[in-house]
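In what comes next, chain A is part of two complexes: it sits with chain B in the first one and with chain C in the second one.
For the complex of A and B:
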């Protein structure tokens, strides 16, 4: 309990410091919002155009697809606001020895890295995602009940954590290899693909890759399937299992990485 | 008369040799950045994979969508992603913007060549390097994804598409050069450039064929150059829209002339704002 309180205090201080820093460099404050909202709006336009010519993609109509894009946008937005800019710098910090500063502080390095570069400029992206989700619910004619909404929020939270874990896992590879550049490129490629394609279109080897190895294929698919009452028990079990396995794997790789780290130019 | 003509051709050759050297340098430079080749291949893979997974799911219960069969649709994506990869000009705007911001744009100002010419030669060098690689990659994707490739048999449409592609590449190089120059006035354009890249991918038809969009929207798009940069050449190369070739060449050529005038005016108005010490 005492540790939790201390960590919360650290998070509060990190957020305060970040806000002060942002006030000094206001130029690109809303940059991530504009860029990401543009990406998701274009994606909406792409699927609007596809649905202009066809009524369904697999089993999904326009409503489900809007929900999918909105949910992915929401997961991405939460990540952008809280931790992306902190986590993204891990490989550079390992490479040039800046990780020393994190290891010598009396606070978890990962906690600090997660919260030290929050980005309030991406908050409007949360609102935009909410609007897209609401539009998907309306278009899909989905009747929302409190339990359905709570379940959906639970899945979004689980998948947001999974997204965060994969981010750390990929960047932790820098502890062991000279550059994790290729892994980050793989991550970007997988993300770019799965932001555009729901998990229902994957089959065979693609399903193995995007449901297991780089699980971006399930991240927005499972919450949407829950909301549209399509999520099977197998899907629930798989989602939880992947989240648990990635939690353990990331914790293991991170701890081993810290042990493996030997300061500047490692 | 003959002497002045000889003088003129001699000067022309001298200028050409300078740009040829720049092209050679950039072909060699690409060899040093082999990681970029991997990125390049991965990006085309994403596009083709996206197209295969999405359109194979859609075509499961229908034979045609907006006049496309599954084969012509996937062929469209192969060609458009090839053209998209050929256009390396977005790095021109990034380079100019970054150089102006950190005060090292002077490097280009002191070169004994026209700055825009330098960047176009630079792009040409990079494109030439990647050309064979992109062809090989496209062929690999055709076989790897079992695509029955549809390709134009009409030589007029083929030659017309080639001219459109060259004009399109030139237009994109002009556009990115112009956007880079805007840093002289607006200082920070990085965010705008990222948005531009996403928007251009959509309106050039790299994400989906523009024919899928509502007709009114497509009609408006025909006035702008982006319709003719990737979409029309790709459609021509799969044997469609030959009737639009003449208009395409005319519109794109007009836009190149207009943009060149805008570049000229922008450079002459804003270059005095550059102080060589960065922002």
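For the complex of A and C:
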């Protein structure tokens, strides 16, 4: 309990320091709001162009597709706001030996890395994603009940954690192979594909890849299936299993990585 | 009380050996050659609470690798380490709470913010109560005389000022051990002297055990009663610093000036003139022959005469070359 309280205080100070850091330069504070929102709107216009010309993808209609895009954007936006820039810096910190200073402090290095580079510029994406989700609910004619909403939020939370775990797992490879850039490119490509196509369209080997190896295929699919009451017991079990397996795998690889860390020469 | 103990400590690195040129790179794609580098070899070490120990050695000797193993940053290939009852590479928070590390070439401060901001983060990381934090901060801020620098951006500080701040950040939680890896690197003589003064005070007043690596022998000579010389990963000397320099400081430098142009008679005593003008002579002589030479020179009625120790750099070079003969 004491450790938890201390960690929360560290997180609070890290967030405050990051905000203060960004506020030292007005452009670095306000710039990301504009840039991130523009990138998001460009992505959105692409989706719009595609989905206004297509009535169905697999068994899903337009409402479900809107929900899917909104949900994926929401998971991505949460990640962008909280941890993306911190986690993304892990390979460089390993290469340059900057992990040294993280390892010698009595706080989890991963906790510091996760929260030390929050990005308030991505906050508008959360709002825009919420708007898309609301529009998907309306278009799909879904009747929202409190339990349905809570369940949906639960799945979004689980999948956000899964997204975070996959990010760490891939970047932890730098502990073992210094040039893990190719793995990151692979991750980004898979991510870009799954942001546009829901998991229900994948079959065969693609399903194995995007449901098991790089589980981006399930990240927004399962929450949407829950909201549209399509999620089967098998889907529930699979979602939980993947989250648990990736939690264990990431924890194992990270711990081994720390032990394997050779620290760049001074 | 012994707070650091290692036995047979060894760290090997494997590094890729690339042949020169494009062909070497292509060959490396197919068949890689690696070489094993022993950064630290079979090192036994024992440090007692409150000691101020200097580690010296040329670049690549293994000093920083040793510090990294003692702080748990890297794991040893073999051997045992015990720091305050812990195996450092277990990365126990309880151990990390009790030591601090300052690396001269790596900063733990946030460059765009003030030192006060960074200290706030460290307060939370080390779980310091507000009162203890304020007392500790005030003590070090007064000691280092940096009151007016606490509220300016770190990036605007000079190197010397920044190093003082690095030390405050490291010492804030009153660690039992502090590892300093070249803390005076790049500092001018005044800043180095100030830092040395602060470190001596912290060691004496707070009883903090300090392990210092430095290329500047002045740091080691001034601060460390005990020195450990490391070369090629091996400990070649571990003992009294004065004795070390005494052993290797073989020559004295005698500078003599005259009011009239004077020629020196032929000198025995293995003396060697290194600088000569009609009014001034600089002579190097083995230290055991210095008294005899001084007597001879006094007979020439000089206007001034001075005797200096041999330059410290020359002494260190000799220590590394001789590899601690007679000590290991």
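Operating definition for what follows: the second predicted complex is superposed on the first by the 237 of 266 C-alpha atoms of A that agree within 3 Å, B and C clash if a C-alpha of one lies under 4 Å from a C-alpha of the other, contacts with A are read in each partner's own complex, and residues count from 1 in each chain.
Everything that follows uses one rule, which is that a contact is a pair of C-beta atoms (placed from the backbone, for glycine too) under 8 Å apart; a residue touches a chain by one contact, two chains touch by 3 or more.
These figures come from a predicted structure and were not determined experimentally.
> Which of the two partners, first being chain B and second being chain C, lies in contact with A:262: first, second, both, or neither?
A:262 contacts chain C only, not chain B.
> Who does A:57 touch here: chain B (first), chain C (second), both, or neither?
first
> Regarding the shared-chain residue A:245, is it in contact with chain B (first), chain C (second), both, or neither?
neither
> Per the contact definition in the header, classify A:104: touching chain B only (first), chain C only (second), both, or neither.
After superposing on A, A:104 lies in contact with chain C but is clear of chain B.
> When the two structures are overlaid on chain A, which partner does A:20 contact: first (chain B), second (chain C), both, or neither?
Once the two structures are laid over each other on A, A:20 reaches chain C alone.
> Pick one for A:49: touches chain B only (first), chain C only (second), both, or neither.
Once the two structures are laid over each other on A, A:49 reaches chain B alone.
> Give the list of chain A residues in touch with chain B in this complex.
That would be residues 27-28, 31, 34-35, 38-39, 42, 45-46, 49-50, 52-54, 57-58, 181-182, 185-186, 189, 192-193, 196-197, 200-202, 206 of chain A.
> Given the complex with chain C, which residues does chain A contribute to the contact?
Within the complex, chain A contacts chain C at residues 2, 6, 9-10, 12-14, 17, 20-21, 24-25, 97-101, 103-107, 258-259, 261-263, 265-266.
> What residues of chain B sit close enough to touch chain A in their complex?
Where chain B meets chain A, its residues are 35, 38-39, 42-43, 45-46, 49-50, 53-54, 57-58, 60, 62, 65-66, 188, 190-191, 194-195, 198-199, 201-202, 207-208, 212-214.
> In the complex, go through chain C and note every residue touching chain A.
That would be residues 13, 64, 68, 71-75, 89, 91, 93-94, 96-97, 99-101, 103, 105-106, 108, 110, 112-113, 117, 120-121, 124-127, 153, 181-182 of chain C.
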